[in-house]
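Think of it as A, B and C in the order they're written, each chain with its own count starting at 1.
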Amino acid sequence: MRDLARDAKRLVGRLGSAEDEVRADGGEPVDTQGSGPIAALKRNLANQQFRESMPFWLPAFLLMALFVYGAIIWNFMLSLTDPVGLGSPDYSDLDFDMYVQAFTSDSFVNATVNTFVLLVAFTLVSLVLGLVVAILVDRNIRFENTFRTIYLLPMSLSFVVTAQFWLWMYNFDNGVVNLFLDVLPFVDKVRWFSNPELALPAVIFALIWQFSGYTMVVYLAGLRAIPTEHYEAARVDGASTFKMYWRVIVPQLKGSTISATVVLMVFALKAFDFLYALRGTYLPYKGTDILATLMMREAFSNGHFAYAAAIGIMLFVLALGVVAPYLTYQYRSGQL
Amino acid sequence: MSTETVTPEETDVGVDTERVALYAVLGGLVAFYLLPIETGLMTSLKADPFSSAPFLPPVEQFTTAKYARAFDALGHGFVNSFLLTIPATVLSALMGSMAAYGLTNVDWKGQVGILALFIAGIFIPYQAVLIPVSKFWGSIVPLETWFEPVWLLTPGIEQYHFNVLELIITHVAYGLPICTLLFRTFYLDLNDEMIEAARLDGASIARIYRRLILPLSGPMFAVVLIYQFTQIWNDVLFALVLVGSGDGAMVTVVLAQLGNNLSSVGIGLKMAGAFLTALPTLLVYIFFGEQFAEGIAT
Amino acid sequence: MAELTLDNVSKVFVEDDGNHIVAVDDVSVDIRDGEFLVLVGPSGCGKSTTLRMIAGLETITDGEIRLGGEVMNDKEPKERDIAMVFQSYALYPHMTVRENMAFGLEESTSMGDDEIDERVSSAASMMGIEELLGRKPRELSGGQQQRVALGRAIVRDPAVFLMDEPLSNLDAKLRSKMRTELQRIQEDLGVTTVYVTHDQTEAMTMSDRIAVLDDGRLQQAGTPLECYHEPSNEFVAGFIGDPSMNFFDVEVQGNQLRAADFTYPVSDETLQEIGDRTNLRLGIRPEDVTLSTDGATGEHDFETVVDVVEPMGDENNVYLTFDTGGEPDEDDETFVVTVGGMQQVEAGQPVTAHIPEEAVHLFDESSGEAVKNRSLEQVETLGKHV
C-alpha cells in the first residue's frame, strides 16, 4: 500500500509545479473552465486523448463499479427492508428495524465481540512477530531467500487447506499441539475446538501462523529502505543492538506498520473461509462466531436476507473505519 | 557496491555466540512455519494417522491410498477450478493492465477520482456485497437460464458451466481493483517521454498500448497473474455462494466437506486432499516466489 | 515552406486549488525555414512548455502556432510533421535500434518495408550508427543512445526538429563534440529546428538565433552576438555570458553616475541617452575591464583590491573590491574581471581597474530595459579594421 500512496502523490505532484515547468497537461485551459462534473466531462470529451483512453479503462471501471458500488448500495437498500422469507423484498417500506434487531440480539453482540478480539489480537501479534522475524532475516544471514520463502509459504495456501492442517494440529488424541503439551509438566491435553473459551484463541493462533510471513515481508521492505548509515551512526554513538533497533530503526517503520495493519485487518475480516472450512458448515465452532460467519449463516443457511444484509453493511462500516483513516492520513501527508 | 561496506554484525565482538543463537532462532521459526504442513504431509501417507506421532514419517504404515481416494473425490473439482481460475486470472490481469494504462499514461482531468474508486474497492469485505451478487446472478442476469438451449443441445457444455462463467465474471470484477493498482505502480515508472515520443511518431493511444506498454509489462504480468491465480484458486466464499456443491463445485468447496462424514480416521484423507488442493498454488509459489512476494507486498 | 510562427502564445495551468500558473506569457517568435533557434532561460522559464506546445503535447491556452502558414493549435502531435529529441532520449527499450528508428515511419506513413529499411539505413549512416542497428538501447552507451535518438528524428524527415535539452545527459567532452555534430547535421538537412536548453554556451555556439525566456515572457530574440552585445534588458545581459556581467546600482548626479563605492563620469552622448532617468543599473562585462598596476590616471580608472582569484588556466577570474580607504568588510561589493591566464594576480594586491565607457551598459533600474548598450564601433574583423 505504500506504493499506492507514492503513486497517488506523484499523480498529484504532476498537477502542481514541477522542477522545470509544469509538465503534464493536468490543468485545463482557463478559457474553457467551468464548474461541476458535467462541465468537466464536456471538457474531457473534447479531449481526444480522453476519448481514446475510454475503451481502456471504462469497461473495467463499469464492471468493477457495478459489482462493488452497485452491490453495496443494493445491499444497503436490502438491509432496510423487512424479512419476507422466500418472496421478493418490499423496497417501498424502508426502516432500520434490522439494525435494531441486530443490536438487541445476543448472537450479534457475541459475534461483534469475537470479531474485535480477533481483529486486535491477530493484528497485534502478527505485527510483533513479523517485525521480529524481519529484523532477524535482515541481519545479513546466509540463505536469506530460503528462510524468507519458508516463512511466507503458509500465505500462499488456501484457508481451506490451512484449516485442514490445523484441525489435525489441534486434534485431541494425536495432534501436535497436545503432544507438545503432554511433554510439559503439569499441563493436560486440551480439547481446543470444543472448548468455547479456547476455540477463538486457537483460531487466532492459526491465522497468525498463516499471515505473520506477510508482515515480515512488509517490514523487511521497510528495513531495506533505511540507509545503512543509520545503523552505522547508531553504532558509532555506542548504542547496543537492542537500543539501536528500538530507538533508531523501529520508529522509522511507522509507514510499514500502518499499511501492514490495514491489510491484516482486511484479512481478518475475511476469516470466514477458515472458520467455514474447519467444520464444512455455516455454523462455526462455538465461541468462534464472528460477524462474517454470522452474516453467511443468516443469509445462506437461514434465508434471513434483510438481516444478513444489515450485518454485511455493518462489516463494511467496520472496514471503512479501518481504511478511511488510513487513506485520509495518506492524503493529509500529501501522499494521495 | 563497495566491498568495504562494514555491516553492523561484522563489527560485533561476540560474533560466534550471537550468530549461533541467530541461526538457532531462524531454524526454530522454520520448524514453526513448516510443522503444520510437514505433519499434514506425513499423516497423508499413513494408513492409520494415530499409529505414531503425527509429524513422524510413515514406516510400516506407508500408503498412497489416501491420495487415490482424495483424487477421486476432488478430481472433478480440480477441473472446475482450472476452468475458473485460468480465464478469470488472464482476464482480470489484462483488463487491469488496460485500465491502469488508461488511468496513468493518458492525461485527462478526473483520473484521480476514478482511481480512488478503484483503490477503495480493494478493501471491501465481500460479505457486504454477497447477497446482491447472488441475487444478481440468480434473478437479474441468470446466465444458466438464458443459455438453456445451449447447454441442453450442445454436447460437452453443461448447465453448471454457466455458473462457472458467472463466477469468472465475479472474480474478474473483484480482482480488478488490485490488478489495476499493481499495474499502475509499474506504469508510473515508465518514462513519460517515451510515450510522448511514440505519440509524436504517430502512434494512437491504442497503438502505444499494443506496441509499447504491453510488451514492456511482462514482469508485472508475472506478478499479477501469480497473485490472481493464487487468490482465485484459493477462494471459497464466492465459489460456495455462486456455485456451491454439485457438479460445478470448486476444489476448495469439495475439500471443505471432504472427510467430514467420516470418523477421525478420515483425517488422512483430509490431509491428502489438502495437499492436492494446494499443489497448483504451491508449485506457483515455489517457482515464482519472488513475484508472489512482490504482489502481496504492494 | 516550413517556417514556424508563434503568435502571442500563452499557457496557463490551473492547479487543483484553483491557482493559475502562467507558464508561457504572450510569446511571439518567427522561426524562418531552416533556421536553428535556441530557446534558452533558467529553470521554470517556460521554454520546455513552449516546445511542448509546438509539439502538441500541451494544449495552447491562448494565441496561435502556425507551421508553414497552417494553424497547428488543434492538431494532434502526429498530424504536425515534427520530430522531437527528448532529454532522456526516450528510446523504446524493448526494440532494437532499427525498430526504434522504423517505428515512426510504420506508424505515421504507408511506406513499404523496403522503403522504411532504406530510410533507416541512410539515417543510420548519417549518424554513424549502422553497426548498432541490431542492438537494444540498454546495450548502448549514453552517447550512442543520443545518436539513435537523433537518428530516430532524422529518419522521419520532418518539417521541424524539436530538441529538449538533448545533450544535458552527456559528459562535458562528448557534449561539445555533439554540439558541433548536431550543428553540422542541421545545416546539411536544412530543417527548421527549435532547441531548448538552459545552457547559454549551447545557445551561443549552436544557434542562428537565440530566444531568451524568463518567467514565461520572451525577453529577446536575436543572433547570439546581438544578445551578447546588445541585450534588450538587464535579464538578458546577466543571463548570457559567463562569468556574468557585473551590475552596479547608480544614481545620476550631473554628469556622473554615483554608485556605493565609486563615481563614474559619463560623456554628453551618454547623458542624452539617459534622458531624465535618475536611477540606473550600470553593467560591464568581465572581459571589458582591464587591470594594471600603474595607478589611476584616467577618469575611468579605479583603485581596487584583489579579493579572490579563480585560475581557469586559459584565463583568470579576478574578484575585486573598490578601495574605499576603510577596512575591507563583508558588505563590500565585489565585481569580477577576466584577465589572460598568463597574467598573475594575487589576492590582497591593489590594482587599477579601467572601465571603458564604450563598453558600459546602462539599464533602467525599475523596468530593466536597456538604456544604452556598448558601442560596437571597435569590433574588428580578423585581418582588417572596419
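To be clear about the criterion, contacts are C-beta pairs under 8 Å (C-beta built on N, C-alpha and C of every residue); 3 or more make two chains touch, one makes a residue touch a chain.
What you see is a predicted model, and the numbers here were worked out from it, not measured in a lab.
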Using only Cα atoms to place each chain's centre, name the chain farthest from chain B.
C
Can you pull out the chain pair that has more C-beta pairs in contact than any other?
A-B
Whole-Å separation of chain centres (CA-atom averages), chain A against chain B:
16
CA centroids of chain A and chain C: separation to the nearest Å works out as 55
Could you list which residues of chain A touch at least two other chains?
12, 23, 25-26, 28
Residues of chain B engaged with two or more neighbouring chains
204
Which parts of chain C, given as residue numbers and ranges, touch two or more other chains?
57, 76
Using the touch definition from the top, list the residues of chain A that touch chain B in their complex.
1, 3-4, 6-8, 10-12, 23-26, 28, 40-41, 43-44, 47, 49-50, 52-61, 63-72, 74-75, 78, 133, 136-137, 139-141, 145, 147-169, 171, 173-176, 179, 209, 213-214, 217-218, 221, 228, 231-232, 235, 241, 244, 262, 266, 269-270, 272-273, 276-277, 279-280, 291-292, 295-296, 299-300, 305, 308-309, 311-313, 315-316, 318-319, 322-323, 327, 336
What residues on chain B touch chain C, complex-wise?
191, 193-194, 196-204, 207, 211-212, 215-216
Taking the complex as given, what residues does chain B use to touch chain A?
5-9, 11-12, 22-23, 25-26, 29-30, 32-37, 39-40, 43, 49-50, 53-55, 95-96, 98-103, 106-112, 114-121, 123-136, 169-170, 172-174, 176-177, 180-181, 184-185, 188, 192, 204-206, 209, 230, 233-237, 240-241, 252, 255-258, 260, 264, 267, 270-271, 273-275, 277-278, 281-282, 284-286, 289, 292-293, 296-298
Chain B-touching residues of chain C, taken from the complex the two chains share
55-57, 76-78, 82-84, 86-94, 103-104, 107-109, 152, 156
